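In order of appearance the chains are A, B and C, and numbering begins at 1 in each one.
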Amino acid sequence: MITTSRKGRVVGAALVAAALVGGLVGCSSGTSTNDSGSGKAPSGTYKFWDPYPQYDASSAWAKLIKKCGTQAGVTVKRTGYDTSDLTNKALLAGQQGTSPDILLVDNPVVSTLASAGILTSTEENGLKTGKIAKNILGAGIVDGKTYGVPIGANTLALYYNPKILKAAGVDASSITDWNSLTAALKKVKAAGKKGITFAGINTEEGSFQFLPWFWGAGADLTKLDSSKADAALSLWADWIKKGYAPNSVIQDTQTTSWQEFQTGDFAFGENGTWQKAAAAKMGAKVMTIPAQNGGAAPVPTGGEFFTIPVQKDTARYKASEKIVTCLTSTDNIVDTDNTLNYISATQAGQQAQLASDPSLKTWVDAVKVAKARTGDNLGTKYPVISQQLWGAVQKAESGAASPAAALKAAQSAVKTKLNK
Amino acid sequence: MKRRWWLTAVGIVLTAVMLFPIYWMINVSLTSASDMRKDPPNIIPINGTLHGYVQVLQHQLPFLGTSLLIGLGTVVVTLALAAPAAFSLAKLQPRGGKVLSFLLLIAQMIPAIIMAMGFYTIYVRLGLLDTVWGLIIADSTIAVPFGVLIFTAFMTGIPGELLQAARIDGASTWRTFRSVVLPVSRNSVVTVSLFAFLWAWSDFLFANTLDGGGKLKPITLGIYAYIGNNNQQWNAIMATAVVASVPAAILLILAQKYVAAGVTAGAVKD
Amino acid sequence: MMTTSSATRSARHHRAGAASTAPAPGMPARSPRAARRRAHLTAWAFIAPVVIYLVLFYAYPLYKNIDLSIRHYTVRSFIDGTAPYVGFQNFVSVMSSSTFWPSIINTTIFVFVSIAFQFAIGLALAVFFYKHFPLSGVLRALFLVPWLLPLLVSASTWSWMLNSDSGIVNSFLEAFGIGQINWLTSPSWSLTAVLIANIWIGIPFNLVIMYSGLQGISADVHEAAAIDGANGWQRFWRVTFPLLRPVTAITLLLGFVYTLKVFDIIWIMTRGGPADSSTTLAIWAYQLGFGSLLPDFSSAAAVGNLLILIAVIFGLMYARMQRRLDLS
């Protein structure tokens, strides 16, 4: 009896282990599978991933997706993820063959995902891009093929607090270039208020916020160590040194920078389209970011792209394309862009937005001259450059290195990495 | 007697200093958006807002339930795996026991992100992505090696007489384990359970990587509802944290009486 | 650990090799070899689940990570799995990067300073709370509350508190006449800032373990020392602390292993900046893999493996020391 029970124990333990593993498979909550539609009409559940976790199932956005899904004859399962996680999730899913059917990602990521081979081009998925503004579509074009369509665009401008400017004796319309802006900051500081806040953190947000100044000096992303780039970085570094910009910009995200502006102590805050409602509430106005020697500085496009990842069953692209087209149809897209506080990417959409809210003119004009970060055929070179750029910006901001030295180190790092 | 109250006073001051960041968290959770970056900051939330809490109570409560489920599940799995293994290592001298102990130590050295990426691949094949069970197993990997360590150290100290007595009475090894060893190890069981529960409760990395975005989310992911792509609502985030801390804090205060790992050999309390 | 109080029982011990099942009286005796084999099988049956668990959930991710580090993965080859084998090239390029030495130095400082303070403060608090004054139980439980918070929240709270302009810590310092310290934005202070936050988070763990270690020391020992005329301080250093050596050893080792892996706190507070001043190996690995728009998984895996290697070396040193202690 002892022998049997002992052997039984051994077997029993092994069974428990096996059951543990096996039972787990059975307990799966049955995530949606990609049905291979043998019939012509698409059916089943389609996965939709977007970077808007702030919108839950009861939001207008979620309801719109549901509606478009029904129109295409399928059920859509939508999940919102944090935007910085979405790239990795997309890559992991792509590796395992569990990509979503529709993926909405931040525009500079599109070229990375496209060169990983997990996105379909418009040739494969049938999306139409004719009506979309070329400068906004640029981020989705890799090697001549288009891999996504924009949901809309947002960009940066300089919000300002008219009360503070008035009290300091600064005329907002006199700010046309860098010198006049710095002079204004000097006056504001003398009047006892704070000058300007922006996001100088060592992430993509930092690069995003630095680009208007970088491009405004005429610098080029392929040459980080040019004297023009030095001029731009020195502008920021000097502001911090002289106290026109607070030290906290070195770790500020766009949100925390905006929170500083919202305290009402700052004259200027560089921020994006999405804050226009909050700005209006606090009585702030907006102007275009000045270039070094006058005129509007080129600004980078923000905003996400609809992409259709590669699937084993290519018959699924039809329904995905229908859903994306439905979501980007003029009526739907204007509603969506107004909710997100983006500017529409098509002429018709922009007209409709202007018709209902003429104050959007500054933004529409800004978007018209905006540039894609991965444009100019930078593609997957951009992330490498951007990472070195934000590192150099932080070094100069914190005084760890002079702007020239930091940029030189950044450029040589870019060269090394791109040649690997 | 007076000296004792003096100690209490010192204790209160020390606790207050230690918990000051918690107070600050509560302060932020009640701060309105426009005061978030006020310089100097408000020590008490003047012009406070309950907006964050309103949102949390409206949306986050189901997630607390999921977190509780995952926490309890992790405790069960951890105990089920760690206690028998530790008993064997401590008392049954299996061949290769020392190697196993060392491997369990190495297992704790693998950074969590590497584990998470590996799990993703395994889970996709096993169909465990976005399941409560998947998270339970992932979270247990944080606790099991530690649990084996604590249990082994404790069970090594159980006098052999107890086990021999059971053996003489005809009990099998399993019976001995169940009826003699486990009851005696009550304190270390509570300790390991507490650690396992807390680690699972506050886990974010595994939940984030292995979550398919279904309705069942732990509270740590629920926080993400307030981290939009361009805007973050800090008062709601902190409010979520405060609300999430309450059940775990209650558990802590109830369990602290039993937490005595007896990590040194020879500490058999009963 | 094995009792040798009875001669008959010790004879059986010898045969079975451990406190494994021996035939109860009245049962037919088995041959010693069969009994030993059964004993080993039983012992292994108890361990089997954990072994399977280890292989499935630890060995596999580790294997994948090693694979990532010895091949050259681009985003494309990550997806289609066609990465070429490159031997140690990733390790070489990682070790010749300009971030390598700063991250090694930062990791060393971060780990050793963290453990020193966490342990010392945890031990001091454990001794303090062991005095069992009124409310000591409740206060001790409250000390564990920082542990409950998700690291996202703790780290964010500390970021908030250490903000250069709107942080409460600087307001407090300014009230005392000390100037503004740029905790998170100055290369000279960023490592200190994350150290403070990490020490704060690590105190509860050390407190719990050391407290239970103190409970394991019998009260008789303390009494005997007191009778011999030792005062409190002497009692602690000459009697209590040496008895705590095994607990101390395991606490320090676990502290080392866990602190080496610390990631969330530093990432959320400073992201390793500014200028790599708070970049540790764990942060660097994440930066390479997930910190930019274009993941470099091979380099990230190489740094990750270096981290594990360092931890393993220390683990081996601990095992060697343990063996020497056991033999002495």
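Basically, a residue touches a chain if its C-beta (ideal position, glycine included) is under 8 Å from a C-beta of that chain, and two chains touch if they have at least 3 such contacts.
Because the structure is a prediction, the values reported are computed rather than measured.
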Far-end chain from chain C, centres as C-alpha averages: A
Chain pair bearing the highest count of C-beta contacts: B-C
Rounded Å distance, chain A centre to chain C centre (Cα mean): 37
Computed distance of Cα centres, chain C from chain B, in Å: 15
Junction residues of chain A, two or more chains touched: 2, 6, 9, 21, 95, 248, 260
Touching two or more other chains - residue numbers and ranges from chain B: 36-39, 117, 121, 137, 172-173
Junction residues of chain C, two or more chains touched: 21, 24, 42, 44, 46, 49, 56, 163, 165-166, 290
For the chain C and chain B complex, residues of the former touching the latter: 1-3, 5, 9, 17-22, 24-25, 39-40, 42-44, 46-47, 49-51, 53-54, 56-58, 60-62, 64-65, 125, 128-129, 131, 133-154, 156-158, 160-161, 163, 165-168, 171, 174, 200, 203, 208-209, 211-213, 215-217, 243-244, 246-247, 250, 253-254, 257-258, 260-261, 263-264, 282, 285-286, 289-290, 301, 304, 307-308, 311-312, 315, 318-319
Residue numbers on chain C that touch chain A, as the complex places them: 21, 23-24, 27, 38, 41-42, 44-46, 48-49, 52, 56, 74-76, 78-81, 93, 98, 159, 163-166, 180, 182, 184-187, 270-277, 290-295
Of all residues in chain A, those that touch chain C in their complex: 2-3, 6-7, 9-10, 12-14, 16-17, 20-21, 87-88, 91, 94-95, 108-109, 112-113, 115-118, 201-204, 246-248, 250-251, 260, 380, 382-384, 386-387, 391, 394-395, 397-401, 409, 413, 420
Interfacial residue positions of chain B with respect to chain A in the complex: 33-39, 59, 117, 120-121, 124, 126-134, 137, 172-174, 208-209, 212-214, 216, 224-233
Contact set on chain B toward chain C in their complex: 4-5, 7-8, 10-12, 14-15, 18-19, 21-22, 24-25, 28, 36-41, 43, 80-82, 84-85, 87-89, 91-95, 97, 100, 102-115, 117-119, 121-122, 137-138, 141, 144, 146, 148-149, 153, 156-157, 159-161, 163-164, 167-170, 172-173, 177, 191, 198, 201-205, 220, 223, 234, 237-238, 241, 244-245, 248-249, 252-253, 256-257, 259-267, 269
